[in-house]
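In the two complexes below, subunit A is the common chain; its partner is subunit B in one and subunit C in the other.
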Partner chain A sequence: MSEEILKIVDLKKRFGKNEVLRGVSFSINKGQTKVVIGPSGAGKSTMLRCINRLVEPDGGKIYFNGVDITSKKVNIMEVRSKIGFVFQHFNLFKHLTALENVKIGLKIVKKMSDKEATERAYKALENVKLSDCAHKYPAQLSGGQQQRVAIARALAMDPEIILFDEPTSALDPELVGEVLDVMKSLSKKHVTMLVVTHEIGFALGVADEILFFYKGIIWERGEPNKIIYNPQKKETKDFLKRIFELYSRGEAE
Partner chain B sequence: MEVSVIDAVELLLSGAKIALILSFLSIFLGFVIGIVVAIAESYGGRTVRYIAMAYENILRGIPLLAIYFILFFSLPMIIHIGMSAFLTAVIGLGIRSSAYQSQIFRSGIQAVDKGQIEAAMSLGMTKTQTILHIVLPQALRFSIPAWLNEYAVVLKDTSIALVLGIVEITERANELAQITREPFTYYGMAALIYLVIVLTVVSIANRIGKKYKIKGVGGMIRV
Partner chain C sequence: MSTYEYILRELSKGIATTLELTLIVFVGGFLLGFILAVARTYGIRPARWLSIGYIELIRGTPMLLQLYIIGFGVPMAIRSYFPQFTINPFWAVAIGMILNSGAYQAEFIRGAFNSIESGQMEAAMALGMSKWEIIKNITFPQAFRIEFPNMTNELIYILKYSSLAMLLAVSEMMYQAKSVGAVTFMYGEIYLMVGAIYLVFALILARIMNRIEMKLYIPGVTTRATSRKGLLG
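This part shows the complex of A and B:
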C-alpha cells in the first residue's frame, strides 16, 4: 500500500448560521491527483483553506503524514511550508520579480542562502517554462504566466502536496491551456495534488479520483470516467450537465 | 533702520537651517512612531488596537500650540523634568505628525490585498515576516504621495515653534520686518524660502520614489 499523505476525517466548518462543511472525509496517497468539483458554495475552497489552516476548522481531524495538524500543539508555519497552495487569483507579491517571488519563501522560511535559493528558483521557473520572465514583475506578466509563477513558487518549496483552488477560473480562456499543461506535467511526475477545478478535461486526463462536493459533503465520488460519464445521483448529473453546456468544447463530451 | 540685503538673507537662511533640522527630526520621529501605531492598529489585539487608536485620535484632536504648551509648561510641573525649547519643538511636532503618519501608513497597509497575505502565510511565513517582507514594502510605496504632503505640513508648522522662543524663518522675518518696517519684503522672502525647501524635498523624494516604484503598477507618485 502506498503512503498516505493527507487524511481528512469528518471535517466541519460553519460561518455564522451557514454550515459550509458538514463532515467531509477522504484521503490522498503519495503521487495521487484528486480533483474536487461541485457548485459554488459547496465548501470546496473552504475545505482547501482548512487543510493549511488559513481557515480554522470547527470540527474533525486533518492528518498530514500521520500527524493531526488541527492540534494547537502543531507548528502550523512548518506544516504550511510543506503544503503548496495555488490560488485562483495567483496572489503573487507585486513588489517582487517572478524570480524573487519564488525565492522569498526559500530564503525566509527555509533559510537558504541567496545563491542556493536563486538556483532552486530558476529550476522551478524552468519547470513552468518561464525562466526568460525571471526578472519581470507580476504586472508585466499575463494571467497565465502569473499563475505559472505561482505554481513555481509553490513547487520550489518542495512541498509534499500542492493544493489548487480553481487555478484557471480567473484566466482568459486562451490562457487556461498553458496552466493546465503545467499541472498535467506535475501530475505525470507524481506530484501529489488536490485540485478544485471545473476543468472536466483535466480531471478525466489525470485524476485518480473525482470528489463531487454538494452542500458541504462529498455527495458522490469515484473514478473520473464513472463520475463524468455515468454519475449515479441527480445532483451530480445536473451539475455536470450545466458544466458541459458551458464548456461545450469537445474534450468533455 | 537699514538692513543690508546680504545680512537679511543670512539671517533668514540661519532661520531656514533651524526649520530644516526641526522638520527633519520631527518627521523622522513621526515616521518611527507612526509606523508602530499603524501596525498596532492594523494587526494588534483588541487592547493594543484601542490604545493606538486613542493615541492617534487624541493627538489629532489637539492643536499644535496646545501640545507645545502642555509639553513645555504643564508637563514639568507634573513630572519635574524640563525639556529645552528645541527638544520640546521636535517632540511636539513629531508626535502630532506621528498621528497623521499612522493614518497614512494604515491606509497603505490596507491597500495591500489580502490574497498576498494569504500567499505569504501559506508559504509558512510568520505574521511578523509577512508584515516585514510583503506588507510594509508595498504599503510604504503606496504612502509616498500622502507622506510628502505631510512633510510639507510639518515644515510649515515649524514656524509655530516661535512661541517656544525658537528663532526660525518666520521669527527672523518678524524681526526684520519690525526693524525695517518693510513687512512685505521680509515675509515674502520667508514664504519663498519655505516654498523652495518644500519643492526641493518633493523633487528629491519623487526621484527616490521613481527608483523604487513597483514596475507595471500605476503611476502614483506624481506630485
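This part shows the complex of A and C:
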C-alpha cells in the first residue's frame, strides 16, 4: 500500500501579479486520503486544477505514477482519464440523464460498447445509491444527488486517484451528509483521494494527513488529530478557530 | 381553363422553387454557421479573426448587393479568364443566400455555445475528452436546443427573402407572380394570393419547427415556455 501515485514537487502558479502557488510539494500513496484545508485564496483549487492541467502550472513537477505529467510530451487527455475530478458545482452534463452522464466518458474516452458502459454506469450509480434516479436529468435531481452522480461519473472511469474540489460547499446543509457518506465509504475502500474541503469532521474521520494551505504554500501539515486539536502555527489556529465558530454558531441557533 | 386556374398553375411552379431554395439555404446556412461558430468560439486566434471578419462583412452589407456580386460580379470576373463560364441563377442565389444566412446562423449558435457554463467543458476535459469530442457530445447538443427558436425565425426569414431571387431571374413564386401579372393585368389579386401562400407556408414551417422543438425538450437545458404551440397547433 505504499506505492506512490502522485508526487508534487515545488508547484508554482501565478495569475498576473498574483502568486497563487509559491512552491507546493507533497505526495500521495495508493489508498490514501489526504485533505487540504485553508482560507479562500490560499491556492487549494488551483493546486487541484494543476494536477490534471485544467490550469497549466508555471513551475515545478507533477509525477503521476512516476511520469512527469507537466511535460509537453505527455498525452494529457490520457492522464486526465485516469484522474477523477469532482467539482464544487457538480458540472453534470445537463442534456444527459444521470446514467448517460456516467456512461459518456466510458464510451467516448474508454471506447466501451454501449452494453458494457451501461452495466458499469449502473454499478457506479449503485455505489452512490442512485440507481433509481438513473433516467432523471440533472435539473430533476437535488444538489446532493447531482454531486453523487458526479462522483459516480468519476468513479466509473476507474481512476487511480480522485480529486475533490470543495464537493459540499455548494450544497444546502441538509444535503452535505449524503455526499460525505459516499466519500467516507470510498475512503474506507481505499480509493485514493485528495480532498479540498472545510468539513473538519470528514478530515478527522478518514484523512491520513491534513495539509493546511496558506498564501500559496503548505503552511502546516500532519495527522488530522494533531492539526485540528493541536496546531502549531498561529495562522492554522486562527483558521480553525473561525471554522469552529461557524459550526458552533450553527449549533446554537 | 379559367384565368384563375392559369394563375394558380403558374404560381405553383414558383412555389416548388421557393421551397427548394428555402430548404437548401436553411441547411447550407446552418452548416456554414456551425463551422463559423465553432471557429469563433473554440478556434485558434486566426480562425476566430477570420470568422469574426466574415460575419461582420456579411452583416454590414445588404443581401441584395451580395446576391448581385455572386450572380453577376463573380461570374463576370471568372469569364474574363474562362469565357465559356456560366452559372445557373438558382445556384447563384442559393450560394449567395447560404453565405448570408451562415453569418446570421453562426451568431445564433455562438450565442448558444456561450450560454453553456464553462464548468461542463471543464468536466468533459477532466474525463479526458478532446476539444472536438466535447463540442460534438457536450456543448453542441445543448447549443442546438438553445438556439432552436432562432432557427425557426431564420427559416421563415429565408422563406420570405428567397423572393429576392426574382431579381436574378430565378422563377420562384414572386417572379412567377410578376410574369402572370404582366399577362393578365390582375396584379392586385395575384399579389394577394402570393401573400396568402407565403403566410400559409410560414405558419406550416413554424408548426413543424415547434413540434421538433418540443421533441428536443430536455428539462434544465431549455424551458417549456419556448416550446409553446404555434398558431396552427
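Things to note:
Following the convention adopted for this analysis, the second predicted complex is superposed on the first by the 247 of 253 C-alpha atoms of A that agree within 3 Å, B and C clash if a C-alpha of one lies under 4 Å from a C-alpha of the other, contacts with A are read in each partner's own complex, and residues count from 1 in each chain.
Assume a contact is a pair of C-beta atoms (placed from the backbone, for glycine too) under 8 Å apart; a residue touches a chain by one contact, two chains touch by 3 or more.
Small disclaimer: the values here were computed from a predicted structure and weren't measured.
Superposition of the two complexes onto subunit A shows a clash between subunit B and subunit C. Of the two partner chains placed by the overlay, subunit B and subunit C both lie in contact with A:G105. In the superposition on chain A, A:F93 makes contact with both subunit B and subunit C. Of the two partner chains, both subunit B and subunit C are touched by A:Q140. In the superposition on chain A, A:M77 makes contact with both subunit B and subunit C. On subunit A, the surface patch touched by subunit B in one complex and by subunit C in the other comprises residues 52, 54, 77-85, 87, 89-95, 104-105, 108-109, 137-140, 150, 153, 157. Those residues of subunit B that touch subunit A in the complex are listed here as 113, 115-116, 118-126, 129, 133-134, 137-138, 141, 214-217.
Looking at the complex, you find that subunit A touches subunit B at residues 52, 54, 77-85, 87, 89-95, 104-105, 108-109, 136-140, 150, 153, 157.
Interface of subunit C with subunit A (complex): residues 117, 119-120, 122-130, 133, 137-138, 141-142, 145, 218-221.
Within the complex, the subunit A residues that touch subunit C are 52, 54, 77-85, 87, 89-95, 104-105, 108-109, 137-140, 150, 153, 157.
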